[in-house]
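Presented sequentially are two complexes of chain A, the first with chain B as partner and the second with chain C.
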Partner chain A sequence: MKQDSLKYTFKTYRLDHLYLPAAFLALFMIICMFRLEPDDLFDMSRAYLGAVIPLVGGIMASYAILDDPALELRFGTPARAEHLLVERLGLIFLIQVMCATIFQVFVTTIGADLSPLGSFWRIQLAWFIPTISLMSLGCLGSLISAQTMTGTFLTSLIWLIELLARGWLACNSGKYFLVFMGALMADHPDLTANQITLTVLTFLFLIFSWLLLRKQEQYI
Partner chain B sequence: MISIKSLSKTYKSNGHVVNALNHLDLEIGGGMFGLLGPNGAGKTTLMRILAGIVNASNGSVKINGNDLATDNGKTAVKSILGYLPQELGMYPELSARQFVDYMAILKGLDDPSHRKLQVDKVLEMVGLLAEADRKIKGFSGGMKRRVGIAQALVNNPKLLIVDEPTAGLDPEERIRFRNLLVTLASDRTVLLSTHIVEDIGQTCRDLAVLSHGQVLFRGSPSELTQNANGHVWLYTTDSMEKPNHNLTVVSMLHLTEGIQYRLVGESAGDYPDAKQVQAGLEDGYVWLMKSAGQSVDAM
Partner chain C sequence: MTQFIGVFRHEFNMSIRRKGLWIGNAIVIGLFVAAMLSPQKTGPDGSFSGNPPLQETGNMVYMFNMLILLVAGILSSDRLQRDYRLGIRELQSSTAIKPGVYLAGKYFGSVISTLVPFFVTVVFLGLYAVFSGRAPIEVLKWVLLAFITIAIPTFVFVVAFSLVCPLFLPVRVYQILFTGYWFWGNFLNEKVFPTISGTILNSSGIYSLQGFFNGTISRTGEPLHTPIEALLNITVLFICAAIVLYSGYQYIAWQNRKA
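So, the complex of A and B:
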């Protein structure tokens, strides 16, 4: 993406959409400050990284494309669908990266030990994989129905079902689709297979989103 | 330049199939071309198809030989296109200069120095250079429309499509906007879609009237006007009862001697005092719609 285009990607982003990730980040940082028991601190940290960041990313991705006020004007330009997808989802992903980084630096500073999640890269995968999965799901959901609310609803529903049924899902074929496995079941023997499956699903969702976005008339 | 053959567009709305365009044929050359028609005639759908945003259900559209049914054709058309949609959405936090600059980037103007020159040039053309660094959220409706036309012009398009551009503008802005479009049409094709007859009469030498997704008339404004000659009357009465007998009231004027009605219809035989007068473009449009069996009883 060109530098000038990137500049306007930031400038055209609605600042009120930052309230949601900022509020959750602030909330979890405050909770962590007062929960000084090491086990509690670890639980809160993995809950934020592995569950809250993906949910927020998914919800924000539902609004990424269709909330653009100048969508019809954009469609009248030769700019390609993949450009729009990368530009809008990339920015939302960047916000999640910043939240995850700030939070990890913060909890490490106050003494949290995230090593039960694995190596440094394993810790990063624990929030990265579910985040891109739910982001692509939210984006696809909103594009399929041409409604931002559908993407939000779908993301929240999958998130809630998987969170409530995570124990059951981890014992059968659902283990490959359990987005929280990296954060909540870091020692699960099928973690790698789970993360590969979710990554493949993410690519599939993004390809479907791209195909849908090429049919511009549904979104004006 | 634009060749439309047997173009149809159907879509579903609330479970019903809507025929927005119905086997429409049209050839459009250079200069200013007007597209007139009532709301729901299919004008916006046609504009969106020509802009490469909406796909045709049937038929073919070629612009400068580029077939809009293909991806390559669409991309080629969009690179020579300036488009101002009816519902103009913008980024309120950007200044006019930033917005036009952003649209220029999306249109592929990659060289920053050339782009800056081009942005300043179009902002000057629309009279916004002095306000270029103000945020769009503080602009009036007319100023936003001018930003809209500036972004449409920034890539120096060979085809300019403007959909209902004067809606919501005050009279001074409308005149200014119309004059700008005429100036622009000197070296490109400008497609003006509107339901305001006066806008077409003041700007276009060539026009088409659309109704129910079909071309009802194709010709010049004077030809459309001439068709109504012999079918327009002025009738003054002190009665409060509106003239009827299959006549359409085009306008009403309160005078000291009563109310003066301007009537369009097949015959005003039931009103012996009615005086036949020269038709205007609006009369021509009303007569055309009436002849085609369309309801135009707006008053």
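So, the complex of A and C:
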């Protein structure tokens, strides 16, 4: 059953899940080639890792479950909610991981220094946490309203609000919810608290999504 | 004309009843109204308490425009495409509705329905400023002027792209590109990243804010953009929207011929 389910996921896989992240990766790699100053490379790297990857992952995740032409048939079979979540979100997340890894190897090879973001693990957390946060938000938004559009604009709105008002948010209690803190304010004293809060929120969003997906009949 | 009114009314009614439109606007408006009315260091609250009312009015409309437009752009992106996806377009093309009338009805229905929550909010805030004694009655006139010069050109521009581009791209791809564009093309500093935000193609309404309402004055005290530049910016946005809509019209006509 599990194998069939995975097979179905791959067979119905939309290619834009792959070519859009790949296109952004290529675009940023090309821009980096033209801006080889260490400071420019660092700015490009944190923009790509901290902002672009989470946005792509978040919006893709909004469409992950409900945007399926055979949704009724899919829910007609005894599919477990957790399997569905892992299959659909896992594949999108895997692509973001590949893009982040390729980009880091590339920029490091051409001379970027990512150490201002912290240790190796801090650098990974700088893109990992915003990505899973926005992905879980997008998925939950879509499932709550039973519309992919709601998940999309929730993700986009949070992304834009936090990017435009990051300075203001970092000065008040918004600092715990600022998804870009790891990439754009790596020296903020509350970075660890911010990352713990976002991780807890992500888990809550995923648990809530799982609970909603257990009642699959509401999406048919 | 009857056909246009029919398509327009249908589109407007469908769009205005979308839960997403009101949820999205409620998030943005709630956030900004809370920020505007919360106590500031400079005075009792952040609205109409420091700068000249004309400038405050422009700033207020511009501030809402920054985010409400994102909601409008994303929500409009499936308005035309869904007719194709759900097979409604086939039914419509079998009627006497011409492609141009169909596109115009969909377009104006989408633009006006997404503008309604925004218009109601800024008028309400203008009335609040007048009745609470924070601003003269003229502020209502300036709210209308700010809405016409800052909000309408950007909505006209963005909704045109949001309707037509998803005919050629998957909706989710367009939505990611649009969200990225909105930040990159309007708010990103050109010294940090190559961008069009410093050019006449900026669609955030900053040219009108600075040109007509003296918003965001530079350190020298001079407005960063003149009224002429603001008019030029509005003209460019209208021309771009017209070109995009014409492309959409050609595409729909081609689809009809092909069917």
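Just so it is clear, the second predicted complex is superposed on the first by the 209 of 220 C-alpha atoms of A that agree within 3 Å, B and C clash if a C-alpha of one lies under 4 Å from a C-alpha of the other, contacts with A are read in each partner's own complex, and residues count from 1 in each chain.
We adopt the following convention: a contact is a pair of C-beta atoms (placed from the backbone, for glycine too) under 8 Å apart; a residue touches a chain by one contact, two chains touch by 3 or more.
Values in this document were obtained by computation on a predicted structure and should not be read as measured data.
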With the two structures laid over each other on chain A, which partner does A:216 touch: chain B (first), chain C (second), both, or neither?
first
Looking at A:43 after the superposition, I want to know if it touches chain B, chain C, both of them or none. Which is it: first, second, both, neither?
second
Quick check for you: in the superposed arrangement, does A:59 touch first (chain B), second (chain C), both or neither?
second
Between chain B and chain C, which one contacts more residues of chain A in the superposed model?
C
Quick one: classify A:106 as touching chain B (first), chain C (second), both or neither.
neither
Scan A:75 for contacts with chain B and chain C and give back first, second, both or neither.
first
Of the two partner chains, chain B (first) and chain C (second), which one does A:147 touch, if any: first, second, both, or neither?
second
Quick check on the output: what are the common chain A residues between the chain B footprint and the chain C footprint?
none
Which chain C residues qualify as touching chain A in the complex?
18-20, 23-24, 27-28, 31, 66-67, 70-71, 74-75, 78, 170, 172-173, 175-176, 179-180, 182-183, 187, 192-194
Within the complex, chain B is touched by chain A residues 2, 4-5, 8, 11-12, 15, 68-79, 215-217, 220
Which bits of chain B are touching chain A when the two form their complex?
48, 51-55, 75, 78-79, 81, 83, 85, 87-94, 98, 101-103, 105-108, 110, 112, 151
Using the touch definition from the top, list the residues of chain A that touch chain C in their complex.
14, 16, 20, 31, 43-44, 47, 52, 55-56, 59-60, 62-63, 67, 145, 147-150, 152-154, 156-157, 159-161, 163-164
